[in-house]
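There are two complexes below, and they share subunit A, which is joined by subunit B in the first and by subunit C in the second.
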Partner chain A sequence: MSFTFEDKIRSIFYPQSVAIVGASNDERKLGGLAARAILRSGFKGRVFLVNTRSRSNGENDGHKIYSSIASLPQEVESFVFVVPREEIPESLEAAGQKGGKVAVIIASGFQEVGEAGKQWQETVRQIAERYGMIIVGPNSVGVVNFHNGLNATFAHTWCELFSPGGIAVLTQSGGVGQTLMSQLANHNLGVSKYIHLGNRANLEFADMLRYFEQDEDTRIVILFLEGTDDARRLYRAMRSCASKKKIVALHGGVTGKGSRAALSHTGSMAGVRRIYQGAFRQAGVLEVETTEEAADVAKALYMLPPLKNPGAGVFVFTHTAGPSILATDVLSERGVPLPEPPERARRALESFLPDFASLQNPIDMGGGAAFNHYMYVKAMDAILAEDTTGAAIIIYSHTNDPAFRFPVEAVREVRDKYAKPVMVSIVASAEVIKHEMNEWEQAGFPVYLSPERAAKVMARFYQFYRLRHLRGQEL
Partner chain B sequence: MSFTFEDKIRSIFYPQSVAIVGASNDERKLGGLAARAILRSGFKGRVFLVNTRSRSNGENDGHKIYSSIASLPQEVESFVFVVPREEIPESLEAAGQKGGKVAVIIASGFQEVGEAGKQWQETVRQIAERYGMIIVGPNSVGVVNFHNGLNATFAHTWCELFSPGGIAVLTQSGGVGQTLMSQLANHNLGVSKYIHLGNRANLEFADMLRYFEQDEDTRIVILFLEGTDDARRLYRAMRSCASKKKIVALHGGVTGKGSRAALSHTGSMAGVRRIYQGAFRQAGVLEVETTEEAADVAKALYMLPPLKNPGAGVFVFTHTAGPSILATDVLSERGVPLPEPPERARRALESFLPDFASLQNPIDMGGGAAFNHYMYVKAMDAILAEDTTGAAIIIYSHTNDPAFRFPVEAVREVRDKYAKPVMVSIVASAEVIKHEMNEWEQAGFPVYLSPERAAKVMARFYQFYRLRHLRGQEL
Partner chain C sequence: MNNSDIQGIIAVARNNGWDYLPEPYAKQILSYAGIRTNPTVLATSEDEAVAAAADIGYPVVLKLVSPQVVHKSDAGGVVLNISSPEQLREAFNRIITGATEMKVPLLGVSVQKQVPPGVEMIVGAMSDKQFGPVLMFGLGGIWVEVMEDVVSRVIPLEEGDCYEMLAEIRGSKLLEGYRGTKPVHKAGLVELLLKVSQLMCDCESLIKDIDINPVIATGEGYWVVDARIGLRG
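Here is the complex of A and B:
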């Protein structure tokens, strides 16, 4: 039986069996953390622990510790190496002989440290090639599949911190990967898969994008990359994946480290950035500027229905002028249309809003709407009905008083009637409205805690769907 | 005994006595919320409740409710009006006769609703003038002094939510004021005073800036303004206040509402924005772009020592390359110098850092430093000692493991030795590191939960002190 490269990529996330090479009982060591991660995350496949220098009683948490890869009692599909660089070649050779298809190499000291490391990496790559193995890394934090509890990293709390969901994180940097994961956790967003490619000995962004294009658990891919060795292949894979999934990209290292000199001397890096920007845009990939924005935008794309009419505009509903002005500043600076209500909607608004309400966009219903939220519901019913309305932002200032809770269910009903994207900005501290925020998000309204943040996300959301419309891509 | 305007502004925040006109027992009404706010916030002055239509037993929470202002048993320094617009003139007249110096007018329906309201506002202004009263508002959320428990608003939970501190909020919009307050609450920052000027019948930004210039409890003023009627006076007040206090300004409404037409037709609003930008800069006021940034930056200016040498640069210390690259991208795009370590510091670093550590800036000590944080302490000791080092950012990825806690006390000792500003960016979700974040902040290190956010704040921090140096202002 022979396996295609695609089958093997599947082995990264769905192995029948995993061996942790370098497993330890000492949870102050990476080998201890890695053993704990896979043993406690609910993974149902077989797990083998290997340590050639084990001084323990030969077991960890009820699992036997094998003294060599060769002595493992069966073939093993995936090997996680938590041993120093110097031990990788021999271990990898042994893993290949034991039927390994995937090697997750956590050790550093390879290409990223310069010439000496490059040689080590080439050696490792050749061994993997000989056995047809895929290498995740080296210099990788590892991989996680949140849907089957496979935590092949040393971040042992991840499967507790995250619920399974539809967002995949594909990153060149472990630290940025963790930053993105933290931002997703702050938004209570579920994750499908995490993979840190590290030095990419024989596994590229393009391969993973092809994989995520097919992966049923993944609807959105957050991609962090600094650079690639095969830009053309990356571009094709992005374009293909973006036709089925939503990709949010963050491009880093443009001015950092070595690139800095180039920038200050010749300005050439600015050109490289523009090439990436153009490639993202052409491929239908939404580029964002910061890790926070990546998570903010992924949240909206994940939770909201698509923007169906790219010519339609955004309406802002509020009882508080200032924050809505800040939000419309952001929207209009970014070119999002802010239409006025058509005549019919205007008459409907006039029938129940107070005289002093502003019927222009933003629809400012006045202070009374802070206490009688049904004004929002009625106003949205009038405005969302119009073809010129593409999406809406609700902005309100929290009264800190349980007597005046927003009727989330009623808003959900109006939203469902028109199936248009609606996001919510609540002016309040996170602590105070935890419960309410949860209620909104369960009903499918992404919540942001500042009006500008909501507006920036809305602008990106528009940018994304306009790009899709332009390219004739599926929404 | 006669009172100057300055004395009366003091009466806004330090009245001996306050009357709530329109006080109610019904906490679903503004008059009920306002009564609750002042009665439960620890204010030690005398409080009188007035309601001409009270149907209750004539008391609220043990406080008698008077049926008219005239029947109050003594002169009262400050009146808070929670009655409709139509009742304000007569009530204000009565308050003037009862010795009132300050009128906080919460009612709306004045200048902000157009011509009809303008007339009401002029009437109210003239009555106040006749009695020499200061009006906060109309159309104001009110004022709070967090140091004496005076909560003259209907936001009855504010004195519970905030600890007294040194940041004042001076705002043209109640909603933006509350947004700023919420952001400060999320940062656990203490507030000195809050004032929402609303329609500014006879109290201007310039007056309040003059006041805050002298106010001992205030070290930083966060200013939100959309516009002013006396730009020259505002500029002079900003310049004067900025010579003693730090001012962070947010300018809104540039493209919003009525301004939008002007912008799209003639582009003239862009010119107005540039005039404000120039005025802020000339006055030594630090302009920021969003409410979140206002709070982020206020936090750094509040907690950190000044940047003494404006030519010195920022060093980034890390064990995780990616986030530090994102941070240095932000810093270099914003023109913050990122020097390399001088020879002496370099030799010191080489003596204890592993071979593969990067001794360039960012100082990347490698994965080991994620577990042995004393590497950070030693590296900072070597780098902060140099004159070319102005400030530092510590970036680390949280291990989620109590065994590897950062030695905050040891970092504090090094920081104190050199008295240079140091901020911290922790890659982790807010929930996970609540305790640790608190420990850092108690030791005087502002913490930000994304590397770009920390870097943006550092860039503003540099901008602020460079401006001060340029203008020869006190640091």
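Here is the complex of A and C:
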């Protein structure tokens, strides 16, 4: 049976066996961290440690350290190289002879450092081609599959830090990849797979997007890219993947200064910003501007039901006028409709809200609602029922009193009745509301810690689903 | 569209050693592609120009035609709103004198129908090193460089992409009508974008880029009033 390219990409995430080449006992070294990552992340396949410098019979955590790839007792599917650049060609050759299908090359000093490095990369690429191996990298942090505990990086805490979930991270830069992961961790979001492509010796964004398109564990792909050698192919792959999955993209290195950084960073020239912007939209990919926004938006797309009618507007519910006005300013600037309650809903609101409540949009129920949260529940019941309501944001400020509790369960019941997307913005310090945030998110309400931030996410959410509707894509 | 007509024009240009098509030739190609261009005639003498204007109908515009002058108005090579044969003769001689002083090779002077006012837009197509053919659309005329209000799509485009482009430019409100003017005929602009996309697809091996600036969008449709086509080497 011959292995197709698709089978090999699968081998990146589902190898039967993994060898860490350059593994060490010393956790101050990358080789030590990489060994620890694979051994303590719950990976069920076979793991082999190799270190050519080790005297015979070294071991790590009960695992024998082999002194050469050739002396491994069986064929191995995936090799992770934590050795210096100069040792890669020989090791890769040995790995090819040992049946390797995947080479994760963490070593740097290749194309990203200019001409000399380019030669090294070409040598490595040719060896891989001879053995039909896929290279992740070089100059890669590695790959993680959070669903089977395959942690082929030196970021050994990641499988403890993240629960398995549906968000994949596909990145050109290790630094941005780690920043994105930290942002996702702050939101407690579950991750499916992480892959840092690095210098892309023979594995491109387009290949990975095709893979994620059919990966059952992935619902959302966060993509960070600086440039690619075949943007037309990238465009086609994005378009195809976006028809099945939601893609949030961040594009770096596109202005003058950024471009120079990109040149020295990955050795590839970033494309023209405007052309990328157009291509993202045309492909149905949602482009965002910061890593924070990427995680914020991914969170909303991940947790919320789809926006069924992007012509219907957003209602903001609050007991505190100022913050909600900041939110509605952001929404109206970005073209999100903010309708007023229709007659029937208005009469319903008047029946239980105080006379001084503002029944336009934002619906400001007055300070009393800060203590009588059931006003929120009743008001939402009246408003979410209307066809002109597409989505809602609840904005409230926390009194910092631990006894203060929002009736999350009751709000959830109303929301479920109408299956419309509802976000929450809590105005308080992250520490004070940690518990409350958790409670909301367990119930499927993404929480943002400022009203403007929630509003920006809502505007992106609208942008995304408008595009989706326009293109007749699956919601 | 008849590809052999287009190839014929490009062959003439190549024989002359031009790396781009001057306006009357570029417009000819666009009209072969089904794109509306204002009536344009290349005249090589004053009398020819007067005769052409009588055919086209006043008011007319005169423009210098030279394979070396891209920015015609900067070179004093454009005279608008000519409404009589006397004005036309005067303008013709002024353009010829200017060109002679600048010592640029001269193909003649084009006589063009002056079109009614509207919103000046730009439509461009080029072959990007990485994406291949892409299309640009935005505010045209003198605003291009100041506003840089241009959006892009990968060729080929679909109808929905075109409508999105119209809505995506910052100046999209200009297309909705302002100060009592009618909204522009969007379906017409969309058709223009689709035809440029198609032309670029069909002639990718011959055409390097297309620059239509401006195209005048009105309530009834559009008129391409200036265009330039770059040729592949």
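As a working rule, the second predicted complex is superposed on the first by the 454 of 475 C-alpha atoms of A that agree within 3 Å, B and C clash if a C-alpha of one lies under 4 Å from a C-alpha of the other, contacts with A are read in each partner's own complex, and residues count from 1 in each chain.
In this text, a residue touches a chain if its C-beta (ideal position, glycine included) is under 8 Å from a C-beta of that chain, and two chains touch if they have at least 3 such contacts.
Remember, predicted model here, so these are calculated numbers, not experimental data.
**Student:** Would you check which partner chain A:E90 touches, where first means subunit B only, second means subunit C only, and both and neither mean what they say?
**Tutor:** Touch partners of A:E90: none, neither subunit B nor subunit C.
**Student:** On the superposed three-chain arrangement, identify whether subunit B or subunit C touches more subunit A residues.
**Tutor:** Ranking subunit B and subunit C by residues of subunit A touched puts B first.
**Student:** For A:G367, is the partner it touches subunit B (first), subunit C (second), both, or none of the two (neither)?
**Tutor:** first
**Student:** Check the residue A:G278 against both partner chains and state whether it touches subunit B (first), subunit C (second), both, or neither.
**Tutor:** Only subunit C is touched by A:G278; subunit B is not.
**Student:** Does subunit B (first) or subunit C (second) touch A:E474, or do both, or does neither?
**Tutor:** neither
**Student:** Contact-wise, after the overlay, does A:D26 reach subunit B, subunit C, both or neither (first, second, both, neither)?
**Tutor:** A:D26 contacts neither subunit B nor subunit C.
**Student:** So, does A:E75 touch the first partner subunit B, the second partner subunit C, both, or neither?
**Tutor:** In the superposition, A:E75 contacts neither subunit B nor subunit C.
**Student:** Using the touch definition from the top, say if A:E129 reaches subunit B (first), subunit C (second), both or neither.
**Tutor:** Once the two structures are laid over each other on A, A:E129 reaches no partner at all.
**Student:** If you look only at subunit A, which of its residues touch subunit C in the complex?
**Tutor:** 227-232, 235, 271-272, 274-275, 277-279, 281-282, 470-471
**Student:** Quick check on the complex: what are the subunit B residues that touch subunit A?
**Tutor:** 27-28, 33, 108-109, 112-113, 117, 155-157, 161, 171-179, 181-183, 185-186, 224, 226, 252-257, 260, 263, 289-292, 318, 320-326, 328-329, 332-333, 338, 355-356, 358, 360, 362, 366-367, 371, 395, 397, 400-401, 403-404, 427-432, 449-453
**Student:** Enumerate the contact residues on subunit C facing subunit A in the complex.
**Tutor:** That would be residues 128, 130-132, 134, 136, 150-154, 157, 160-161, 164, 168 of subunit C.
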